[in-house]
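So that you can tell them apart, the chains are marked A, B and C in the order they are listed, and the count of residues begins at 1 in each.
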Amino acid sequence: MDKKKFEKIISEIKGLKSDLFGKDFLLTWEKTPDELKQTLLVAEALKFLRTNNVSTKLYDSGLGISNFRDNSTRTRFSFASACNMLGIEVMDLDEGKSQIAHGETVRETANMISFMADVIGIRDDMYLGAGNAYMREVGEALDEGHKEGVLEQRPSIVNLQCDIDHPTQSMADLAHLKQMFGSLENLKGKKIAMTWAYSPSYGKPLSVPQGIIGLMTRFGMDVELAFPEGYGLIPEVIEVAKANAKASGGSFKISNSMEEAFKDADIVYPKSWAPFEVMGKRTELLRAKDMKGLDELEKVCLTNNAKFKNWECTEEKMKLTKGGKALYMHCLPADITGVSCKEGEVAGSVFERYRLDTYREASWKPYIIAAMIVNSQFEDAAKVLEKLADKDKSRVKTKK
Amino acid sequence: MDKKKFEKIISEIKGLKSDLFGKDFLLTWEKTPDELKQTLLVAEALKFLRTNNVSTKLYDSGLGISNFRDNSTRTRFSFASACNMLGIEVMDLDEGKSQIAHGETVRETANMISFMADVIGIRDDMYLGAGNAYMREVGEALDEGHKEGVLEQRPSIVNLQCDIDHPTQSMADLAHLKQMFGSLENLKGKKIAMTWAYSPSYGKPLSVPQGIIGLMTRFGMDVELAFPEGYGLIPEVIEVAKANAKASGGSFKISNSMEEAFKDADIVYPKSWAPFEVMGKRTELLRAKDMKGLDELEKVCLTNNAKFKNWECTEEKMKLTKGGKALYMHCLPADITGVSCKEGEVAGSVFERYRLDTYREASWKPYIIAAMIVNSQFEDAAKVLEKLADKDKSRVKTKK
Amino acid sequence: MDKKKFEKIISEIKGLKSDLFGKDFLLTWEKTPDELKQTLLVAEALKFLRTNNVSTKLYDSGLGISNFRDNSTRTRFSFASACNMLGIEVMDLDEGKSQIAHGETVRETANMISFMADVIGIRDDMYLGAGNAYMREVGEALDEGHKEGVLEQRPSIVNLQCDIDHPTQSMADLAHLKQMFGSLENLKGKKIAMTWAYSPSYGKPLSVPQGIIGLMTRFGMDVELAFPEGYGLIPEVIEVAKANAKASGGSFKISNSMEEAFKDADIVYPKSWAPFEVMGKRTELLRAKDMKGLDELEKVCLTNNAKFKNWECTEEKMKLTKGGKALYMHCLPADITGVSCKEGEVAGSVFERYRLDTYREASWKPYIIAAMIVNSQFEDAAKVLEKLADKDKSRVKTKK
């Protein structure tokens, strides 16, 4: 165990000014650069400890509630991994099984599930205008419950994907970039192309592209967003990205050409999403349980999507990037041409070249979530991490 | 950490004569007053330790099986919280997923799931005459398995709601009353009105009102049960309540008037339920999988319910109570007029005034369940609690 | 705690030559006799420690992924028990809920769920030719992920039942036989009759009879497989059994008579299964989602099954066995005539006489799974077991 590496991380954390304690993690742009840096550093410290078989359990017991209002494998396992690593047991709030399905109010349920909870992870990305708002509503109920003595502790909320942002994904992506490029400093002036890509499926949420343009503009990168006409994102997030770029000394540009975005890019992130307007209509139809309307909307959208099959990350397009060697990124699962679908977001050969990199990218997510929990739950993250290292309790008893 | 408060609780436990060790918790009226007192006290001790960040883990490993034969959010999370607090991991026995659905006998399954189990929590409240009986059948199978060396330990059964009683709810309610009124002693001569209330839904189990009249008559309270004609409870439980009241020096009265019951009440518990006879018919139809019959029964019942919309806990009715300030109680979720339904059990303004109190009422449930486990699993509960306090291991590593 | 018994087990383990570390457990016939013996011994040591209230936690945190592609109660709980006993938290990979249902590749998912996983238990027995192959595909993905630095640890795969073998069942059966007969040595020359039996249901997997003939032929037993004409097993496994018997000094015989197989048998294992050819056709129909074809196949099979209702383990047939007292075995749940079905695999009175024995047989499964995990994850199993015993940390704090 190379303690110097660990000590360097801790010393960096100590040099930051953060106000993460007692706060939920709902949008990256509500956090300061120092707070984002601390999240990365705590994730790195936890990864270091675990890799060196040092126990990272900060809890002797406690519950982590996972509230998934949409399907999930990756994020579900990442949240479970993060909780487990810290000593928190995961309890699923399955709204199908539970009485929430019977019209119970959010406020009440938030308290009922939280008597022993230290963290609540929520995924709610289906309804435009509702997901992030739901998380805040839960947060207010927890604030009241804690203040009024109903809850002995105030569990931290972690946004596991909403209609606006996907902070655990974008922060894992940033951790990956930091590792691949050596430092956050090295990302300055690097060009990242966040582009739409063709997919044979429909209704993919906007949170990933929005999360990427909202976060990568914070560290002086040149962010270029490209999509076919009509595939815009939430206007407010576009404004956030613009303001971020200005503040960080980077740039933010929108185009309607994948080729233009790829040109000289250091990093490319081609990924499908549904147009903002479609997601709005879809939300209305879902609320009205208008299945026929949803079917019709899907047909129209897929027909429209099909006009843009050339928005594929091919070998030819990769040649346009910096030295033809831009780093390819994806939140997974990707629609891979000839592998998982006939025609998709990325050519089989391109994906295969970066496949293990996308796995490494994903591998940061449990640590990012754990870091968000630690920062929100412990006033002095550096200190508790040092205690873990000093105690040097093994995670696995003896490997030999 | 105010150790004196804790020591007082422990000393009270030591003064009681209980025979809870090795016994299941199936009906409150099978327990002596001392045993009920011990359950409350152990719950208070556990709450004290946890609030003071002292680890309450009595188990290093072990499983808690949750067997929910009806939907549940609150009780499911309460059981999980109780187990987690003690160091027991929850495993759901999902009879949909499992081979029990294929005709396997209760006896066999009880053993198959219990090789490493320390506790089994069962909710089975749909079938009149069957829920509590099922729990006893499981208990007998566990007795045999343990005696015959199949099971290394005999897991304790906790009744998480059956057709007859809902002991974890009524005991949590009693813990709440003890806290609100200062002591069990102070409850003597207090009037509690357990009344039916209108709800737009149907088929609510009888276990809550039965649990309340079966328990609150144990401590010298004046218990008044009120319901519209035809909404009676299981006759045997009525007899239990009568006998309890006689023995404890309290009283038990039945009326058909919500107003009469509310008059001068110190506590009101207005809650909907389905008539005993309807639950009986429903059980037959459910067993016969007669969906048409169930639909018809529902229609008839809802029409009948609608005749009693005036059975609502309104501000006017609250004025009839002692000083207009009776404590409102509910097991949640309540059908709140203008909030969760058009017309329901309780007026919005009344509920809102007591909302946080109902949350506090519910917050006792995890501790009550944990106390039931501890008392059944440990011969000397006071001693193991003292050991926890002496060791003073933190639940959360360091909060600063 | 009789330490001598434990020390004897440890000393036996030390005398074996095994290469289980870092290997998955997919088929018993891929393991040497010493490796199988070590699996039994480690299971016995773990059982000894737990029975004596000694903590068996080798992990401070970590995940055990359970991937059940078919219904299960027993094996699901056995896997959860094994993980819990070692300190590993179970996470279900529910492919209905997860995005795997959306066409995601096995390779990717295997990595995505494994960032913090120490073990993956897989049940995949529905598709002939696919289950075991799927496990190997997952294993290769994990090998790559670990080698390439995606995964910090390589989780061990445990086969919880596939199309070919059911090693956790057959090894639990062997542990039971070792206990009932005193030693593996005592099993030499004993006759075991693995026979088909009539069942009113259809499509039961072949993995149990295949697992039994593939394992029991390893230790010098006389194994007789009997089934009605047309109810054959996978030919390759028959070859394995033949070769095993030759190598171990036992024998392997196939007949078409239950009576002949039972004659002078020391052990009988009557259990229904679907013919190999039917399972093949069924696999094709399942893949094609040909529900009509599946219905027709079921009808044909049940009609065919009905010709062999006399393949029942009756009192009369039991009289044919050695002294009329052969040990009856079953993996459970059995189709018991007059109990769980009208006409089934075994007479009610025969089953009842051996019922508790079948429970004891099943009780080995959690320990066998835990042993497979320990042997695969720890280079020196004897040493880590000794450490557990030396530390002598209680599983349950104090029972008195």
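Convention: a residue touches a chain if its C-beta (ideal position, glycine included) is under 8 Å from a C-beta of that chain, and two chains touch if they have at least 3 such contacts.
Remember, it's a predicted structure, so these values are computed and weren't measured experimentally.
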| item | value |
| --- | --- |
| Same-residue or different-residue interface between subunit A and subunit C, half as cut-off | different |
| For subunit A placed onto subunit B, the superposition rotation in degrees, Cα atoms, nearest 5 | 120 |
| For subunit A paired with subunit C, centre-to-centre distance based on mean C-alpha positions, whole Å | 40 |
| Junction residues of subunit C - those touching two or more other chains | 57, 89 |
| Residue ranges of subunit B in contact with subunit A within the complex | 50-51, 55-57, 71-74, 76-78, 80-81, 84-85, 87, 89-90, 201, 332-333, 339-341, 356, 359-360, 362-363, 365-366, 393-400 |
| Residue numbers on subunit B that touch subunit C, as the complex places them | 57-63, 89, 91, 93, 97-105, 108-109, 111-113, 115-116, 118, 144-145, 148-152, 377-380, 383-384, 387-388 |
